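By written order: A, B, C, D, E, F, G and H. Residues from 1 in each chain.
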Amino acid sequence: MSEKPIQGEKRVFMTGNEVVAWAALAAKADIMYGYPITPQNEIMHYWTRMAPKFGRKFLQTEDELSAGFTTLGGVLSGRKAFTATAGPGNTLMQEPLSMAEMMRIPSVVVIQQRGGPSTATVIYSQQEVTMTTFGGNGEGFRIVYSTSSHQELFDYTIKAFNTAWKYRFPTFVLADGYQAKMRESLSIYDPEEKGIELVKPEAAIGKPAVDGKKEPVHVRNTYNTEEELLAVLTGYMEDYQKCAPEIIEYQEFDCDDADVVVVSHGVVSRAAKGAVQELRKEGLKAGFFRPVTLRPFPADQLRSVADKTKTLLFVESAFGQMAKLAKEGIFGSTVNVDTLFKPGVGITSEEIVAKVKGLL
Amino acid sequence: MAKAIKIALAGEGGQGVQSVAQIIAEAANEEGREALYIPNFGVEQRGGVSVAFLQIGEEQIGSPKFQTADIVVALSDRAVRRTRQYVDGNTTFVYDSSIEGVEKDIPQNAGRILAIPAVETSRTELHPRVFNIIIMGAVIKATNVVSEDQARAAIEKKLGYKFEQNPKLRELNFKAITRGMELVEKAQ
Amino acid sequence: MSVALKTFSHKGEKGYWTVFPGLCKGCGLCVEKCPKDCLKWSDQLGVYGTPTIEPEMDKCIACGICANVCPDCAITVEKNK
Amino acid sequence: MSTLPQMPKSWRLESKPHKFCPGCGHGLVLKALGEAIDELGIQDRVAFGCDIGCSLLAWDFFNVDTVQTHHGRTTPVMTGIKRANPDIICIAYMGDGGGYAIGSQHLVNAAARNERITAILVNNCNYAMTGGQMAPTTLPGMKTETSPYGRDVEQSGYPTQGPEMVAAITREGAYVARGTIANLKQLKSYLKKALENQMAGNGFSFVESLASCPTNWRTNAKDTWAFVEQEMPKYFKVGEIKNPAEKGDE
Amino acid sequence: MSTLPQMPKSWRLESKPHKFCPGCGHGLVLKALGEAIDELGIQDRVAFGCDIGCSLLAWDFFNVDTVQTHHGRTTPVMTGIKRANPDIICIAYMGDGGGYAIGSQHLVNAAARNERITAILVNNCNYAMTGGQMAPTTLPGMKTETSPYGRDVEQSGYPTQGPEMVAAITREGAYVARGTIANLKQLKSYLKKALENQMAGNGFSFVESLASCPTNWRTNAKDTWAFVEQEMPKYFKVGEIKNPAEKGDE
Amino acid sequence: MSEKPIQGEKRVFMTGNEVVAWAALAAKADIMYGYPITPQNEIMHYWTRMAPKFGRKFLQTEDELSAGFTTLGGVLSGRKAFTATAGPGNTLMQEPLSMAEMMRIPSVVVIQQRGGPSTATVIYSQQEVTMTTFGGNGEGFRIVYSTSSHQELFDYTIKAFNTAWKYRFPTFVLADGYQAKMRESLSIYDPEEKGIELVKPEAAIGKPAVDGKKEPVHVRNTYNTEEELLAVLTGYMEDYQKCAPEIIEYQEFDCDDADVVVVSHGVVSRAAKGAVQELRKEGLKAGFFRPVTLRPFPADQLRSVADKTKTLLFVESAFGQMAKLAKEGIFGSTVNVDTLFKPGVGITSEEIVAKVKGLL
Amino acid sequence: MSVALKTFSHKGEKGYWTVFPGLCKGCGLCVEKCPKDCLKWSDQLGVYGTPTIEPEMDKCIACGICANVCPDCAITVEKNK
Amino acid sequence: MAKAIKIALAGEGGQGVQSVAQIIAEAANEEGREALYIPNFGVEQRGGVSVAFLQIGEEQIGSPKFQTADIVVALSDRAVRRTRQYVDGNTTFVYDSSIEGVEKDIPQNAGRILAIPAVETSRTELHPRVFNIIIMGAVIKATNVVSEDQARAAIEKKLGYKFEQNPKLRELNFKAITRGMELVEKAQ
């Protein structure tokens, strides 16, 4: 029953949604709670097929509010619980996630972005960046990994559970409909066999009695005075700022002498990478910068790139949601800024190459 | 970066373009190449044209969708109209010669235009069921993205369990590949 | 309306039977419901490229059930008066 | 000798063939609804709201004012319209997922408040638009994408009895019924009564219809009918459940 | 000769006097619940979830693991806990607004899925925490901050029959009852049965209790009792509605 | 029945929630839909008392999702409809508001911010800025007025209906628990008597037949292809950018020679104003800048201030939600930036004075 | 527990009656429910500064109803054995 | 900017501090001055101490709440403890002399500390009902934020309808103001 879902390491060719299901199994996720929404559905489809074989559980809820809140219940009871959603479901998920932020509940959520606002399209976008990093009535005490390939979807889904349980901030794997539905190759593996330690979950509710004595736990999200709240939030902010440097991840290349650095995240960064390589081949000085964590944002890292280059070109399948994070992060920089924004639509290397050439 | 080969396959719901794309992608993957396949999807897929986007190369593929393809294969009148947008001067545009009433819609800007009698071949020579395998043969011939052997192996992997029960099916499928390749050769 | 309203009509003893291939999706719901079992698949293709249907008019009683159960209103039946 | 198809007058010819799959029950429910609208002569006064779910494919289905809303939210949108302009005859059209899961708070509270709108719910035992997941109405043992080993009533309970639930919280003036595409005449009569109930200002009216989804059921025509006519009624009783016209239903 | 107050053992002395108003029905429902927990000896195994509403004031009320959730969301939080760790006895404690309005989709779907949790709903005919607005349970003609001229059933419908609605969508194994603070012994027995039903793994259990809110009702002690004992039962029938122990309730 | 709620102009002393109810009456709002939440409740309390006297309507819904969607229904039917909420209710309201954005439904929403994230406090904050300006799975096609006094609450609530119906973007009046609950004086008036034209609403659904012929309207929020969506959003963005200059409002004083300009919004700007006046009295060169519209943000206006001064001091009852809007708006500026952030807590002139002195 | 548990006890024929003013909020629910009508307001103040209650012990039958209906568990009654 | 006078009033639920604050605010408003009054509120107000924040000045008031007040009036032991935080060296701290057990809690850092026998005065001389009006008198005396006349007018406006029915009540209330003012005078 509970033997390891993956033995050793193997190369597979599958959809991103299947990848997520495998990764959650590999990360020893105990239970998934979910509500259908395209393009996330197949995570549940694969999970419901595989989970029972490994003693894992699933609950289909009545909506995303419930999927989010049941996930929080699962986590509170000391289980590695997760959910997945997209678009309008992500909008609704902000209510439970705001509770997770306030109560430091290490929930894991996979987002497969689709077109917005509203129902829009069920296909693809990068328009859920603002909401995933700073949604709800709070201050963004969250961690957001933006993946770009199936290998990363696998790696970061596993990592998300570790990050969440270690730092106790709700953690998101932010992908998109393309990553969800496309097939490409990757290696899947058992993380522990690879030396990746899996952080152990701990119960808040239902912790067993110690020496026959049970110390009841009382957790809440409501405070009676403004000052109580300020004290709590100030503590959280300190925690967040302290762990941020440990969490931040990014990628860059060819930035040292670049005239234009293409800044992009997620699946768009694949096209950006190709474009920069192409431009370099043509002898044009392009560079590549990609935040992997959108929250915390690799601001210092981008700033030092900005200090070296003439222009940052922000490329996104949204109207500048990542660019906003970047600009606030490197405020004070006088680097030129240009944009290639296509909300809800994929971006190709060719378009980026053309855009960069127009800037040079 | 060696450019990846970009393939768009489009047809009606029952024509099996998605499985063709998937099998080719898996075959390429087995050959150790980088393959990325994504179907189109939307809310109105019910009666819509089904399009498969497939890219095969030596390095990780960039954007999962593309603006123009190296080869576009269209298997119905609606598919022809739907896929015109993926064609430019470097594109090989393949369509089934049995499709009626699309004369005006064939993208004349294509680098090459090939009409192949896949429907007819499947009906008369082989079996309607292997229509999509003929298409697969046509695609691998037109693109060389995978070897014929690898294509056979991929089909074997996918349909092997059926072949066990009915070995004639294997032969039929393999023949379909070969015929598909020939059709393209002839059309060129 | 993306497809011209081509019709195939059949005259029978009891009535006049028409199918609009541009509306027929070949679901077969009508076939199953015909009390006289007189609908069969046709060589004509419907809007999705799947076969549409045709009646054996000698059996047809023009009861209109097929028209009633068609979710696409692809059949009309007129009873002779 | 007809040259035009015999569609309800309120159907919008320009958007036909409609976007539903071959054999889809939505088409039949909307045919019954279209005929009901025609017979009541209210085409110019109707506002049709369609939910997200395959219902959304009906966004340009009728020649009546139509608003496509969010998943589960058609009831409040149409309630909002009705409250603001009671002259409009408001129809909220939704699936079983939209009505019994994500939008159930809206359904039960609109019923409890006796909103003068007509809600029509297509019960096809699954979440169809998203590719066939388990719905509140999925039958015991039925395989779906999220109940791959069959719906386990121990884990997921029995199929939701929607009209019965709605009936339990409505009072005088409400009309509640369950029809089926297997009896279109009856279904149309229920829909007409539901609309008339709204027009009379009596109160909330609700009609569930059993309906086919051959695509996700993976059924051929024969099995489609068998499922609608034999399997579904085992759990869903067709008939009128609450009728303000009848005495003593309270 | 007692020097310690006679509180249920599961009450947390350190947080007493509790935060509810003078004469608040929440205190009485929680007393009955505390005694039920004591008598069943399950204090160490219970998880108590409280909703936003005056219920939130109970966040440190018991010496049992407690989680304060969001308005209307206690049912899913406790469901999530129960599904992840079925050894925990889960109680979802909420108000009529939390249960019948904003959280009604959770309540009816947890009931339909037969979740093995115990939901307790305090019916005080208003949204108390927010200062006394109309609730689904507000009585006809009753004045509240958002029905200043009295609840108009034409506009707002009749008071929601919660347990009846829940009963309509549950099947075997569910326990559903309505108690009142006017009969604490009976209320306690309902709560005990509801918890036992969960412990036996039978299914969903739900107890509504009629309860007082003198602050928002603006009643003195006499009128408080009169309202609970005479007015509320006119619309809310006290008693067991569904009991798996009894035969033939389906 | 339908005589004017306010005749002429009169000075009154009341709570902010009462002000909003009067303003909505004065603006000829037809119907309010709402769900209780502190500190917004008294808007409904006053509205339910007064509305029937003037033939206006009210519906209490089952939750904020319903309050939002019924409001959209009301607007679609051609009525001036509005709702009000706060905190977790605002979080939920993002779902209907994303539909309003997509369908250009001119809904009006009054927000009385309270502490966040989660239930937090029912009291006060400025922590709903990100959510109100850019919430949901979209791109922030909204207009947000941040008020600071009862007079403004009255003026901008009236204006919000005009802005919404003129430009057809959902429009917010963003206030807070302090403004909601405090009492101070203001003048209320009938806008038309004052020469303020009230934009006429128009029905999308239920428009009467013309010459006996009814042209049915079909409105939707879902698109089948990415390209369709991009075209729609591009059009919206163009519309938004075109009308933004007409909509933008801000206040500034003493900025020309200032060493430090205090940037704040909403009720905090009152303390900032007092602080700057105090500092000037002491001969210290402080300046004042306040965005009134947070979306669209008065970026150019702030930029020219930034160009003249040494330091911008961002002061907020949040962890920099307005500051983020400002920094992205004036990106490229090299002005020094300092902050005084107290999420969920009021800020006094004294604190600001002390902070500024520390910077000089 | 923010207030020390001061008690006021009364001995009667039928039993021993105690109120904890630190718990009593003066709601009066007990007063209304006493079958012997023997509870009245006291000069002692409860936790909210409002009067607490005291019994007329000659009438008290130690039935315990007052204790039962107190939402704050501010009363205990011990019946004499 | 002439600084506004900041007043914090705190007491138990029944002691009527909110109406005192509101009446004073309205009186100031009637005098054409700028007044801003805000009650404290939170989720646990049920049995909590009630605090009123009141500011009166010549120009628009800044922040609705403040950190330290010019005058703090505390009417119960819990109110004393709750309002210590609003006191600094410029604050006049007024409390009722009947409050027991708060010796250690009186904020000794206050500029002035005044104990006034308001409870006793109301009970013995006037009527417990006008306790809060005595407090009102004390506040206006200690702060001069409004004139006695204006205060009377404000009370008249607020309670006039009751005075109609029972003119003695008017007298009682007006006496209460005067007594409140005297108590402060004496304590100073």
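As a convention for this text, a contact is a pair of C-beta atoms (placed from the backbone, for glycine too) under 8 Å apart; a residue touches a chain by one contact, two chains touch by 3 or more.
A quick note: this is a predicted structure, and the numbers were derived from the prediction, not measured.
Fewest steps needed to get from chain C to chain F, stepping only to touching chains, is 2.
Under the contact definition, chain A and chain B share the contacting chains D, F.
When the C-beta pairs in contact are tallied for F-H and for D-F, the bigger tally goes to D-F. For this pair, chain B with chain D, the centres built from the Cα atoms lie 40 Å apart.
In terms of their C-alpha centroids, the spacing between chain F and chain G amounts to 53 Å. The distance from the centre of chain E to the centre of chain F, each centre being the mean of the chain's C-alpha atoms, comes to 38 Å.
Look at where the CA atoms of chain C average out and do the same for chain G: the two points lie 85 Å apart. Residue positions 38, 62-63, 88, 95, 99, 118-119, 121, 123, 221-222, 224-225, 346 of chain F each touch two or more of the other chains. Taken residue by residue, chain D touches two or more other chains at 17, 20-22, 24, 52, 56, 68, 70, 101-102, 104-105, 109, 129, 136, 156, whereas all remaining positions touch fewer.
Contact with two or more other chains is made by residues 25, 47-48, 50 of chain G. Working note: touching chain pairs come out as A-B, A-D, A-E, A-F, A-H, B-C, B-D, B-F, C-D, D-E, D-F, E-F, E-G, E-H, F-H, G-H. Chain C makes touch with chain B in their complex at residues 25, 47-50. Interface residues of chain E facing chain D in the complex, by the touch rule stated above, are 100-105, 108-109, 112-114, 136, 153, 155-158, 160-161, 164-165, 167-169, 171.
In the complex of the two chains, the chain D residues touching chain C come out as 1-7, 11, 13-18, 20-28, 31, 184, 212, 214, 220-222, 224-225.
Residues 34-38, 41, 44-45, 48-49, 52, 58, 60, 62-64, 88, 118-119 of chain F are the ones that touch chain E when the two sit in their complex. By the touch criterion given at the top, residues 17, 19-22, 24, 56-57, 129, 215 of chain E touch chain H in their complex.
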